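Across the two complexes that follow, chain A remains constant while its partner is chain B and subsequently chain C.
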Partner chain A sequence: MKEILKIRSLKKSVRRKPILRDINLTLIEGEILGLIGPNGAGKTTLLKIISGTARATAGSVLLTEQESGIGILPESPALLQGLSGFQNLQLLASIRRKAGELEIKEALETVGLDPANRKAVGNYSLGMKQRLMLAQAIMEKPKLLLLDEPTNGLDPLGIIDLRQLLFRLASQGVGIIIASHLLHEIELMCHRVAIISNGTIFREVDLRSGEQQFIEISVSSHSDWNKLVQWAGKDSLRPLPSKDSPRGILNSDLPVSRIIAELLRAGIAIESIQPAATNLEAIFLECSRLEDGVYR
Partner chain B sequence: MLTNIIRLELKRLFGKKKLLVLGILGIGLLITGIVIYLDHGTPQRTSFEAFSFATGYILPLALPLLAGLSTGDILAEDRQLGLVPLFVSRGVSPYQYICGKAIGGIVGQICLTGGLLVILLLITFLLFPAGPILTYAADFAKALAATNPVAYCMVLLLLYVCAATAFSGIALFASVWIKNIFLVVIIPTILYLAAFYFFISMSFHEINPYSYLGLNQLSYSSLSFTLLKVVGYWITLSVTIHVLAVIAFSLKKDYS
Partner chain C sequence: MIGLWWMETIKLVCRKRWLAVLPAFALVAFLNIDYLLSYQHNYQLHLNIWDGVIGTFFNHLYFRFVILLLFVFLVTDSVIGDVASNWVWLTLNRCSNRCQWWTAKVASVFTAGLIYTLLGVVIVLFVALLSLPYETTLSRFATDPSSFFITLGTYVIPPGTNPFILCAKLVLYTAFAISIFALIPVTLSLILRKAYLVPMIPFAWVFLSHFLSSNRIYFQIDLIPRLVYGGYFYSKGVQPFSLSISLLYLSTVGLGLWCLGAYILRKIDF
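Up next is the complex of A and B:
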């Protein structure tokens, strides 16, 4: 697979305060990368630098498909309120003259908007504006899409449509970067996730990889928990807050059946065991934790 | 790409209803100037003199606001709406973008202010006969106004268009840092009035912008003013402020 974006040693400081520190990231065509991180972690700044809206202090951003441009979806809709959706896109398309009337209509239909709607954008709902912004991002068929909180204002159906659209674009070779706070959506939409914390990429998780799995285990007593910690090792077991039985997330490459067998053999009384539904949440919490235990 | 940007800017600018409203307002103000002219004594009422009087009476006060309101917000509006990233991500360099804005603003002012003054001249032709400007002309150009009123009026037209582009440029320069549209459009007026009162109080007419706009209002017999110098002042100011705006925006670290 061809790399479409290469970021090397990227740094950004604002008034001597580091916002991004040594970011290294690669995106291949057809890949959907999620960017998650606490508020102020540097997600939006990173997207701004990739799109050319902000300048990096040091480092490089290499776009291999520069000719095809970048489609961006900013955090809040940027539209001329007095014009219709079609006129807004027409105006933006006139910058490069890459998309004609046909492409504009196609983009509007793709996001579920009526190209014949002459209503001014000022009267659109937030969801419609978001769809329109998505249409402007895809109308020129860019090879790289940067989406900042793309589900903002979308209803559940809109979110499902968006997910399907992104999968379709990815299958056509478009590289997509999504910055979002909605971990569940990121989990459903992305192939890979980069967790940004304090201006650095703290961890990258490949969601397609089946090698590692997260299993939620709860045991009968604290002595069982201590045995479990001993068995799994401190690094592979992350405790979760619990009122009753001690519980935690186990990171293991063993099949669940074997884990159960081994735990029973070790004399650990298991209350429940199941694949963890919110892997990303657990990883995110771990990455966001400061040394003194306070979350950012 | 730059041509596309300029074309886009002009399309956006002339698509705005506000320009029509400001045009009507401008004509209304200038016609008020003609009405006031009728109250003033002169040996011979002529169309050119009416034009000179009306522009000299109204524009030294109204031009900064008209220019600010019409094209002063072209960058601030984009910044407030968040449109700049959409341009930049489409491969438009910040330099091309701001050049497009600057040229769009200049062309807009040439069309709006120039158009207003041409319409005013046509109106004066309907009301008065053509003839020399005997009273209401700048002291330092009285001879030209009396012998060649057409040339004098054309210089006035050029002067006001250049001044309008300078005021629009001041608003553009301010919008490099300020996103608030209201503030940006009134900044030329505020600066102009501040400079007017400051230099008047200092009796320093040589760089007072009002001295170069209110030609009929003040007597500059002691100053070495010429029409060339007056027009040159606004051209220099306009070019300088636009170049500064282009440099300042191009050097920004965040264009949003």
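Up next is the complex of A and C:
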């Protein structure tokens, strides 16, 4: 597969404060990459640097399909409120002149909007505005899509439509980067996830491979918890906030039956053991610090 | 480039705040015509609608505090609004370079200036038509005010001047001049990005310029007195400014602002 985006040693500082420290990232054709991280981690800054709206302090961003342009969906809908959706897209398309009336109509229909709707965008619902923004991002058929919180304002059906649309675009070879806080949506939409924390890519996870598993374990007492930590090793066990029995997420490649057998052999009293609800949440928690029962 | 310029102009002009143009110009036209009518009554003058236009656009007070400041208010958030709404992300990404984006922004301010002045002249003509007769020539009051033995005749327009050509020149010059002035806050907003702070600069300047106009040196170097087209028809002794020097001055300022904006754009993030 051809690489469409290559980021090497990217750094960004604002007034000497580092925003991005050393970002290395590659995106291949047809891949959907999720960017997750806490607020202020640098996700939007990274998207802005890729799109050229912000400048990097050091490092390089290489776009192999520069001519086809980049489709962008900003976090909040940026539209001219007095014009219709079609007119908004026409104005934006007039800059590059790559999309004609036909392509605009096609893009509007793709996102589930009526091209003949003459209603001013100011009267659109938030979900409709978000769909319109998505239409402007795809109307010029870019090879790279940058989506910042794309599910903002979308109803459940809209989110499902978006997911299907992204899979369709990916199957046509479009590379997509999605920055979002919604771990579950990222997990459903993306092939790969990069977790950004403190301006660095803390970890990359390939969601297509099922090699690692995350298991939520709760034990009877603190002494059992200490034994569990000793058994699993500090790096493989992340504590979760709990009122009653101590609990945590275990990262292991052993089958659950063997884990249970080994824990019993080690004399650890297990209260409950189950696969963690979302793997991504478990991974994401690894990037965070637990302070006074609250993740920061 | 043309598409971008067109888009920027539509975005700048098709806004509700432009509705303020109608009452603002109607108000200054009414004030000016009311003033002229009192003279017409006292001195038995024969005035026509062109006196309404000349009196409104040539008056320094109306020009500075209404016409100029309103235009600044209408266009000054051209960059700040784009940044706040993320629109800049959509447009800049579609441009081949940042300089192209800035050139389209500057061109859109000039186009907005032209539309604004044209609208203003039409509104003033309409208001003037309500109380003054329509004629195809300028009145004697406009071309030979001294014959009326009144102090009002400070603007002398050469006899035989075609009012339509005069009006066209007035529109073009005023549009150019107010656009140059409005470019100052627009360029500053590339760095300042404070919606409340940026318009304060031209507002403060207009007030300062008004109160320092008696200072000869300041008056000569100040940009604002040169923005009024009527300044070149001043009859009091020596003409303070020459039109060609002012045009050169304004063009230099405009070019300087474009260069400054293009330079700033190479350094900043949106």
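We take it that the second predicted complex is superposed on the first by the 286 of 296 C-alpha atoms of A that agree within 3 Å, B and C clash if a C-alpha of one lies under 4 Å from a C-alpha of the other, contacts with A are read in each partner's own complex, and residues count from 1 in each chain.
Convention: a residue touches a chain if its C-beta (ideal position, glycine included) is under 8 Å from a C-beta of that chain, and two chains touch if they have at least 3 such contacts.
Source: prediction; values computed, not measured.
J.: Would chain B and chain C fit next to each other on chain A once aligned, or clash?
T.: Because the two structures are overlaid on the shared chain, the partners are seen to clash.
J.: If you stack the two complexes on chain A, which partner ends up touching A:74: first (chain B), second (chain C), both, or neither?
T.: It touches chain B and chain C both.
J.: Name the residues of chain A shared by its contacts with chain B and its contacts with chain C.
T.: In the superposed arrangement, which is not itself an observed complex, chain A uses residues 14, 48, 51-55, 69-70, 72, 74, 76-80, 91-92, 94-97, 136 for both chain B and chain C.
J.: Give every residue of chain A touching chain B within the complex, in rising order.
T.: Checking each residue of chain A against chain B gives 14, 48, 51-55, 66, 69-72, 74, 76-80, 91-92, 94-97, 136, 140, 146.
J.: Within their complex, state which residues of chain B touch chain A.
T.: 1, 4-5, 7-8, 11-12, 81-92, 253-256
J.: Which residues of chain C touch chain A once you look at their complex with the stated criterion?
T.: 3-4, 6-7, 10-11, 14-16, 85-95, 267-270
J.: Considering the complex alone, what residue numbers of chain A touch chain C?
T.: 14, 48, 51-55, 69-70, 72, 74-80, 82-83, 91-92, 94-97, 136
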